[in-house]
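Labels run A, B, C and D following the written order; every chain starts at residue 1.
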Amino acid sequence: MSALQLEGLRKSFGSLRATDNVSLGVEDGECHAVIGPNGAGKTTLIGEITGEIAPDAGRISLFGVDVTSWNVPRRALSGLARSFQITQLAPGFTALDNAAFAVQARQGHSFRFIADARKDKRLREPALAALEQVGLADRADRNAEALSHGERRQLELAVALAMQPRLLLLDEPMAGMGPEEGARMVEILRGIKRTMTIVLVEHDMDAVFALADRVSVLVNGAILKTGTPREVRDDARVRDAYLGAGAH
Amino acid sequence: MQLFLEQLLNGLQLSLTLFLLAAGLTLVFGIMGVINLAHGSLYMIGAYAGAYAAAKTGTFWLALPAGLAAAALVGAAMEFIIVRRLYARDHLSQVLATFGLILFFNGFIAWSAGRSPLLIETPPQLAGFVEVLPGLRYPAYRLAMMAVGVAVALGLWWMISRTRVGMLIRAGSDKREMVEALGVDIAKLFTLVFALGALLAGLAGVMVGPIRSVQIGMGEQVLITTFVVIVVGGIGSIRGAFAGALLIGLCDTLGRAYVPMLLKSWLSGPLADGLGAALASVIIYLVMALVLVIRPRGLFPVSG
Amino acid sequence: MRLKSLALAGAALLSLTGAAAAQQPLKLGIVTTLSTPGGYLGEDARDGILLAIAEEGGKLGGIPIQPLVEDDKLKPGDAKQIVDKWIENDKVQLFTGIIFSNVSVAVVPSILEAGGIFVSPNAGPSNFSGKACHKNYYVASWQNDNLHESAGALAKKLGYKKMVLLAPNYQAGKDAITGFRRMYGGEVIEEIYTGLEQTDFAAEMARIRAAKPDAVFQFHPGGQGIAFLRQWTQAGLKDQIPMVVASPSLEQRIAGAAGDAAIGIAATAHWNTDFKNAENEAFVKGFRAKYNREPTVYASQGYDTAKLIASALNASGGKLDDSFRAGMLKADVKLTRGPFKFNKNQHPIQDWYEIKAVKGADGKVVLESGAKVLEQHGDAYAKDCNL
Amino acid sequence: MLNRTNLATLLVVLAFLAVPMAATWLGTNYVITLATRVAIYGIVAVSLDMLVGRGNLVSFGHAAYFGLGGYAVAIASFHLANDVPIFGWSGTNEALIAWPLAMAVAGLAALVIGALSLRTAGVYFIMITLAFAQMLFFLFVALKYYGGDDGLSLSTRNLFAGNRITDSRTFYWICVSALALCVLLSWRILNSRFGMVLRGAAASERRMAALGFPVYRYRLAAFVIAGMMAGLAGALWANQNRFVSPDMLSWVRSGEFLVMVIMGGLSSLVGPVVGAAAFLLIESYLSGATEHWQMIFGPFVLLVAVFAPRGLWGAVRGKDRQ
């Protein structure tokens, strides 16, 4: 059974075809990278997978279940976690709070009105564990907006991990990071790699080739090629369309 | 049939007046992101200035420029002194500040002009009525108001689609840097747009002078209907304001004309009258709720 | 927090001055409507009352008066809060000023329960004119229905057989139609209810035109009334269908603002500027001199209210006990409107006149009184009152 | 921990406790009447702050729930007093039935209105909540049976568990207790799991949805809770004044409620109560002092909005929150 199955996804904005008949299967346990030049439709594809954008046509299945008509929270609860390219942390809340949100989401409904959530060990302990996993435990009590850029990206990841997802969708986790921070992020991702399925949308080729089991190349809204990193690297069309033109 | 045509004309006339108010409000919101509850006060100021000028000079044709100038000047001053501090703020601060302005303007008018309702004389040239169709007489003044409404709509369309100012307006508030990069003084542009909105409100105010009474609180009565119009049309869109004004103006007039009659056909007299009037007074809110349930961002949503 | 202590200090100050003021002037609480489109009604009533006090050099009936004035904003709840404050803080026992019936209905019970006295300068709702009449509640103006009964009587006198009636869709509007029907007796083709704050009546006028009545009766006070008259003329209906109204829809300010549109309309009232009696001539002159504007019927009611209070205070020597009541009921005072006495429900028995708008000497539109429509007319509720 | 915030809170509590003594000392009941009103409006302000301050949901129609609560009590008492059953029910004068009923009615209305309004966001939300409140306002104006525009008087105050509460002190303590309950409940709610979701969604709606929170449902629940609290306040208001009218639901009142919350301080439990007190005192002082009170009060509101968006409580809190 594949973790994520996309069949014939189409989405147009006016005359622009953002995704044009995209079909893609991501195997359970695999780390699958999606690469493509700017404007290739990656953002739209992520939106379609998470449920923020409704496709004009096509089907999306998560772990064999058709989720095309599901909204964002329902898909999230079925095991899909994501990180955001531009960090979407809750300002005014600490790093630990932000991770605790994720823990809270998977512990059933939150129509609990009386007990103090910040003193709830069932929330705080797993959240702290997630922070530790990305090396942010010592920043637990800092407000999210007071963290450095790199730390915020790490927190994004920690929040996603705290959801204990089956499928992790990472939207350019290295964006805006220096080489040192980037290397650290690659290390962290390598550590979680075999524990869940990962879809990695990334610009940083080194990171992609270091982590991915398979790579799909998106160009002009369509999948140009899917294969192992080596196959993709050796493909002439990919090189023409993408690597040759604007790779890092 | 003739009655229906007359009601249709009444509806159109109301729509076009609402459009004058809605256009300014929606421009200000679309470009500067400010919700201005005091837009109705500008309408009132236009009307009072017009009434004052009419009383002094005895002619509507001087009331008109006086009302326009007063509304535009007060509008520009309002933007310059207060509203400009609110651009970067949330809607809540804007609502609150402009709510305060409403109180102030109402108090100010009561203090300076007194509490008597005033009226602007109908210009003698437009005092009579016109036989629109054989047997259907319609007040010439209301026809003139409709003509002005249409002219303003065309003028705005031309300005927005064909002129440099219009281009800047279309660029909108989210592309502030781009507009500034073109060497435009954005602060001046905003003052200008705000004054234009105020001018249109003042125009509406003077024009209703000969029909409705000029009185304190006239702004709030019309303000909420105007908000309904721009919300239905899609906030920020002139086209939406026009469509919304048509929809709301027609629904309101035809509702008041026909809902009591329809109810009467299957309810007893006094009950139908009372219920009909109640229903007619909430019909525009029902329309708004319906539109928003189907299209949460109005009929012509503005992207971005 | 600081505000709270400030308030307490303020309250302390207020109550101390209250205590020290034991032998000071009698406090007259005037709660009235000064803001909103209805604000000019209260303004005139208040100015009428204050004129009477000023004429006596700060006294009424020889008793020094300290008037307290506050705006009820046409909100019954606010009016109630003002009255509570005056009763509890300032120990006010004598009240007047209320213009609108809905305010009156909410506030009057509080005043009466606290043992206070209320003399209405305008609103006379049926709530307190029948069974629920009260010995400390007086109406110096009219019972609400009177306004419209007189208009109904006039319509009957003018011989209109089929009429359309219009009024706003709230209690006073419905009462207007009831009152009109009581004395009219002819056929009512249609009752049309307009919106609470509606000022454009084009849709209703089209309906009236289609209904082709002999005449139309409409009740729209203040700004609504002005708008109605203007639109009536613009629609060309003025020359086709006669109109009958009651005093609130055609008083001096409406006539002034509506101008030519008011001419030819048949109205009724219990007072007019041109009444030829010494009191009225003095009042009109005094009002014009003090306020530099024309008095309205509301101003005359305020003035008459103050005169009635003055007569009672004179009789009681400033006490607000049974001797005050005896003085009130005697109504031994000449009012601007002419003959007046209290019915057993302490509402007026008075004459009603035909009123019409004409061009005055200076080209301005003025109201002119005509023949009596109802003579020494009381109200339909008095028989239910056991006082 | 006695920082400025806690000290100020303590002072507010002490002020409420001191009111009856102050009234005795000053020899006027008006202090109690005024403080009762502060407590009642305080409840509305606290409930509105839950939406506006914590949930970033600017409701411009909160007066609707306040008015519905008042009308529920008045109508129940009206049917009992006039001996006309309503749907087979004889009506009630018992606070322990009527007040929960008021909360239920207001909550139900909030459920329906919220369900529709929360589909929109931002300025659309402001406008649609305003429009629904206007709709209810006109509905009550047209409801001739319950007095229409004239409003409806209650012949007596409700009985509280069979006891009369006409004494102003007794009623004051009831209102203050209700306020204390609402503040405590809000405090618990805002720190609970539910409150975290509500506040998290205000900070980043997209994030909360991506985590799997159906944000709409939580907001709707908050909307209903706030509506119920406002309904309770309306019930108390109806009892204090023994009168209700459509004016309770007017948009101006909704605006005034917002002014109270902001004047006091958004997102602070005690701030809105202080805001209600400040609003009432200033308004009552000004309108007593001059008939042109609007000319002073308007600019004052404006200055608060422009220069003191954190309100009085923001000034009190000062540097506490760092």
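By our rule, a residue touches a chain if its C-beta (ideal position, glycine included) is under 8 Å from a C-beta of that chain, and two chains touch if they have at least 3 such contacts.
Values in this document were obtained by computation on a predicted structure and should not be read as measured data.
Asks: Considering only chains that satisfy the touch condition with chain A, which of them also satisfy it with chain B?
Replies: In this structure, the chains that contact chain B and also chain A are D.
Asks: Farthest from chain D by Cα centre, which chain is it? Let me know.
Replies: A
Asks: How many angstrom lie between the CA centroids of chain A and chain D, rounded to a whole number?
Replies: From the centre of chain A to the centre of chain D is 43 Å.
Asks: Return the distance between the CA-based centres of chain B and chain D, expressed in whole Å.
Replies: Roughly 32 Å separates the two chain centres.
Asks: How many angstrom lie between the centres of chain A and chain C, each centre taken as the mean Cα position?
Replies: Inter-chain centre distance comes to 73 Å.
Asks: Centroid from C-alpha atoms only, then distance chain B to chain C, rounded to Å. What do you get?
Replies: 34
Asks: Among the residues of chain C, which are close enough to touch at least two other chains?
Replies: In chain C, 34-35, 169, 174, 196 touch at least two other chains.
Asks: Considering chain D alone, which of its residues make contact with at least two other chains?
Replies: Each of 138, 141-142, 144, 293-294 in chain D touches at least two other chains.
Asks: Looking at which chains touch, is this a line, ring, star, complete or other?
Replies: It is other, because the touches fit no line, ring, star or complete pattern.
Asks: Could you list each pair of chains that touch one another?
Replies: Contact pairs between chains: A-D, B-C, B-D, C-D.
Asks: Quick check: in the complex, which residue numbers of chain B touch chain D?
Replies: 29, 35, 82, 85-86, 89, 91-97, 99-108, 110-111, 220, 224, 227-228, 231, 235, 274-275, 277-278, 281-282, 285-286, 288-289, 292-293, 296-298
Asks: Would you pull the chain D residues touching chain A in the complex into a rising list?
Replies: By the definition above, chain D touches chain A via 188-189, 191-197, 199-200, 203-204, 206-215, 218, 221.
Asks: Give the list of chain C residues in touch with chain B in this complex.
Replies: 34-37, 39-40, 43, 169, 174, 191-197, 199-200, 202-204, 206-207, 209-210, 222-224, 226-227, 230-231, 234-236, 253-254, 256-259
Asks: Any idea which chain C residues touch chain D in the complex?
Replies: Residues 1, 3-8, 10-12, 14-15, 18-19, 34-35, 69-71, 73, 75-77, 80-82, 84-85, 88-89, 101-102, 105-106, 109-110, 125, 169-172, 174, 196.
Asks: So in the complex, which bits of chain D are touching chain C?
Replies: These residues of chain D touch chain C: 8, 11-12, 15, 22, 26-31, 33-34, 37, 138, 141-142, 144, 147-151, 153, 237, 241-243, 245, 247-248, 274, 277-278, 281-282, 284-285, 287-288, 291, 293-294, 312, 316.
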